[in-house]
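The next part holds the structures, each set out as structure tokens.
Here come two complexes built around chain A, the first alongside chain B, the second alongside chain C.
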Partner chain A sequence: MENKYLKDDIIRSSGVNPKKCMKCGKCTATCPSFDEMEYHPHQFVYMVESGDIEPLLESESLYKCLSCFACVDRCPRGVEPAKLVEAVKLSVIRQKNSNRLKADDVVKYLDEDIPQQAIVSAFRKYSK
Partner chain B sequence: MKVSYFPGCTLKNKAKELDKYSYLCAEKLGVTLEEIEEWQCCGGVFSTAKDEIASKLSSVRALKAAKSKEQPLITVCSGCHNVIKQTNYVMQNDKEFADKVNKYMAEEEAYNGEAEVYNYLELLRDVVGFDKVKEAVTNPLGGKKIAAYYGCLLLRPNSVMKMDDPENPKIMEDLISAMGAEPVIYANRNECCGGYIALEDPKAAEKRSNDIIRNAKAMGAEMIITACPLCKYNLVKNGADIPVVYFTELLAEALGVKEEKDGE
Partner chain C sequence: MQRIGVFVCWCGSNIAGTVDVKAVAEALKSEPGVVFSTEYQYMCSQAGQDLIKDAVKEHNLTGIVVCSCSPRMHEATFRKTAAAAGLNPYMVEIANIREQCSWVHKEMPLGTEKAIILGKAAVAKVNLNAPLTPGQSPVTKRALVIGGGIAGIQTALDIADAGFPVDIVEKKPTIGGKMAQLDKTFPTLDCAACILTPKMVDAAQNENIRIFSYSEVEAVKGFVGNFEVKIKKKARYVDETKCTGCGACIEKCPQKKVPNEFNLGMDNRRAIYIPFAQAVPKVATIDADYCNMLKNGKCGVCTKFCAAGAIDYKQKDEIIEEKYGAIVVATGFEPISMEKFDEFAYSQSKDVITSLEFERLTNAAGPTAGKLLRPSDGKHPHKIVFVQCVGSRCASCAEKGKEYCSKICCMYTAKHAMLTRDKYPDTDVTVFYIDVRTPGKNFDEFQRRAVEEYGVNYVKGMVGKVTPEGDKLIVRGSDLIANKQIKIDADLVVLAAAIEPDKTARPLATMLTASMDTNDFFTEAHPKLRPVESPTAGVFLSGTCQGPKDIPETVSQAGAAASKVIGLLQKDMLLGNPCVASSNQLMCNGCSSCERVCPYGAISYEDKEFPGPNRTVKVRRVATVNPAVCQGCGACTVACPSGAMDLNGFMNSQIMAEVDAICK
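After this line comes the complex of A and B, so read on.
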């Protein structure tokens, strides 16, 4: 997808207006996956706004968001960065053969106590 | 009083205690949980994307079932609660989205968010009342120091969940007091345990969970209670050396409806 369309698509699907961001970094400061992400929530916002989306598409950071909504609630400008992370990630896994998690792989992650909730949630987040 | 009840897949499997004690406690408090028929898994996590339709249909069906019985829909698991409540919110507030969903389910009656969704904790606070819970307690918990672990899903996003003050909640602490125990306040009670990342990056979940356990213990907790099977899994898996218990199980004990098991 061409970059301009991709940006429009991500903005439409997320409902986020990245222009509202004032780059205070609160979303990033509160993100529990801070250590696991190369691009942090405020960078998602900035990079989508500036059309620098390619690096995000390739990034492991897409799969480190926990959907904890801390950045959504704690952003003073109501930007809701998690919604942008979700939309960028969907634009990747919706492509053919781009599922992050495949049914055959799941078996190796299981232990006897793991709740169904973890498995269905991981599929919802990582696969189409 | 009768209410519609959405147990969800985990409560029928790895978290059977959460389900069983929910029924027993409700019965003792004069509420009958009527499990909705043919419910389907909520999917565990809500997709915020406006063009994700199919994944929200199971929640819409559950909401419709409650609406048709003119009952509120009660959830227990934090995950189900978050997904169903957020779905209901978009059905109420995003007309374009709701139209798409209703078109998808064209053979059925349209739904626009008419049902009310309560978590079991809200049922206890707002329908039964914590004063009534307190009156019904036959085995008060003797001032035990208990830390409520909310995690993220019960409270956020607050504009939708509206359960409590998202940065200083007290609904679980009030329940702890009603059961005769002493609530422990600690900073990490509303931070994430790592959630589903436990599946493919257990180290990340370990860090998150350790922070929570350490913080709760440092503030004097002898026990942690939760409403979420995944929170419980992450905390136990990552070395909680104090008991991590579902709040309904503890309530069953306080209400005297938990049958004594051998060896306990």
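After this line comes the complex of A and C, so read on.
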């Protein structure tokens, strides 16, 4: 997909208008996955807005977002960065036409500390 | 039959770029009544006006149509031109072919067609125009200033200096407002009290100024030059004329646990109190919510110790009625509530404070006598974090924040940070900012000094969460330049809370029929050219009730408002607007529909004798309009079921002629 269409597609499917961002960084200020991420929430917003989306598609950062929605809750301009992360993730899945993991792969990642809910939801998510 | 001249303006290329002005002038030539039609590059210029005057004489014109910009812009100009040429000024009509035509259309044929139609409508109206003469009303030479902060004080002083009597109505027991609570003022760091309290004393001693403290405006009637105002002087249970302000009553009052609003609740005061040492008037006030004597009749200590015998538990609210020629609104601002901003833990920790609370903590007359100590444990904080834009520029949180920039926070935060580093060099000071906005004389230099000379650490980013942990406040924020998340274990967090108009402003605006914007700031008559006047004639704006501003701006606006008031009060008579409603009493059936919709109370009813058949006389109840009060809004003309109400200058017949001309 061409970049322009990709950007439009992400903006449309997320319902987010990245132009509303005033670059305050409150989203990144408390993101619990900050240390795990290569690109941080405010960078997602900026990179989608400027059409620099390729690096996001290939970044592991996509899968580090916990969807805790702290950024959505605190953004003073109502930008909703987490929804944008989700939309970029979705466009990767659409392009590959497959999930990041298969249901069978989930077993590899299991350990004693993972809560049961996470195991169930992982199977639910990746068995589609 | 009228002899009408049509004058089409190019407005440079503003109109001529999208409208074929020659075609418009040509097309309007054949309209009924038109005897002359021309176009010119700038009709509002001296040469353009001369062209109109010459045409009036040469063609013996009785009416004028100017196809130009909005009548809001130049109707008054062309009316003056007409008057100079010997015509009645109300024989001029403006066809707005700029804002409503050339500026909104892109294609020349469409723009031209619409301009011709608008011109035809104006011609149709002038054909029915009649000369109008404005009435006159006298001016009461006294001004009312509502609010006794720096804006109100300065306005009152300036009006009084010009020799006119002024009354200040202040709802608190003392004048002084927010500025009295501040410690130092940017960018020169003068002590606020040192520059404000002399002005308060000046106001008190000026023989042209009366101060109604602990008072509120109850009702406003009337119109420019003739306002009738009811002022409620709330009972302070102390006779102002007897109290000497000695403070003996305050010392002895046994009710010691009243939150002190002057120190924003950070310490306590007594039930009888004087807000601060330099209060004006320096008179004690009893807080009825806390006084034991007023609540249950058991106490009376203050009476025993008052040598002047000023205590009066039986005092009642008093209503004062006074007439004014002009009213200045100077109701000021309040910081917004921080309670809903959970992420900053304002409600959880005493050591998360607002900037105004910080002012009191550093003020020599404040609860800590000027020593910067933490409210929780009274210890000196060694790490302070300032957070800017808390609730300002907050578009998504209408229920707790404000969409606008509060304007003053960047500068006072720089001031707080600088003064802290100056007085306590062992303190780490970090300021989180989204943008640093310092337009103003010596403002940016001031902020740079805080960074370069005083070592304040400015971080481009925002705080996302403050968590109290033990006696520390864990501040998590972003540093966008370094692309890092940072964590500071702070001792004190200061929030630069957004400011909002005072809550009393909304009901006041209703009383004054002065308009407000969605944020409850008073609207000015023109955002650039009439910034201190409200759209309601005779009502003027001073200070932050009109929009966020700092002290220098407030004082300039206060002076500007005063000069407008002086300009009004020095007139003996005011010319009214002749475009007012009048009722055709033969058609009026006395139904009161018009009286009910009139927002100005201009319509009343009278019983009048009318000739009936066979030389009988019938008494009927009919409407009459007070032309001095009527503002010509036209609400009554549409409400009248029998078509008896009509608006001079905008008669139903004229409006219908315009519609017909457009639809033809």
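Everything below uses one rule, namely that the second predicted complex is superposed on the first by the 110 of 128 C-alpha atoms of A that agree within 3 Å, B and C clash if a C-alpha of one lies under 4 Å from a C-alpha of the other, contacts with A are read in each partner's own complex, and residues count from 1 in each chain.
In the analysis below, a contact is a pair of C-beta atoms (placed from the backbone, for glycine too) under 8 Å apart; a residue touches a chain by one contact, two chains touch by 3 or more.
Values in this document were obtained by computation on a predicted structure and should not be read as measured data.
Q: Touch check for A:Glu86: first (chain B), second (chain C), both, or neither?
A: First partner only, chain B.
Q: Which of the two partners, first being chain B and second being chain C, lies in contact with A:Arg77: first, second, both, or neither?
A: The answer is second: A:Arg77 touches chain C but not chain B.
Q: Of the partners chain B and chain C, which touch A:Lys26 in the superposed model: first, second, both, neither?
A: Touch status of A:Lys26: second partner only.
Q: Could you look at A:His40 and tell me whether it touches chain B, chain C, both or neither (first, second, both, neither)?
A: second
Q: By residue count, is chain A touched more by chain B or by chain C?
A: Comparing chain B with chain C, the partner touching more chain A residues is B.
Q: Let me test your reading of the model: by the given contact rule, A:Tyr109 touches which partner, first (chain B), second (chain C), both or neither?
A: So A:Tyr109 only meets chain B here.
Q: Output the chain A positions appearing in both contact lists, the one against chain B and the one against chain C.
A: In the superposed arrangement, which is not itself an observed complex, chain A uses residues 35, 70 for both chain B and chain C.
Q: Per the contact definition, I'd like the list of chain A residues that touch chain C in the complex.
A: The touching residues are 20, 22-31, 34-35, 40, 42-43, 70, 74-79.
Q: How about chain A: which of its residues touch chain B in the complex?
A: 12-15, 32-33, 35-36, 63-64, 66-70, 72-73, 80, 82-83, 86-87, 90, 101, 106, 109, 111, 113-122, 124-126
Q: Using the touch definition from the top, list the residues of chain C that touch chain A in their complex.
A: Those in contact with chain A are residues 343, 389, 393-397, 401, 434, 460-465, 476-480, 483, 485.
Q: Could you pull out which chain B residues touch chain A in their complex?
A: The touching residues are 8-10, 13-15, 41, 43-52, 55, 77, 79, 152, 156-158, 166, 191-192, 194-201, 204, 207-208, 228-230, 232-233, 236-237.
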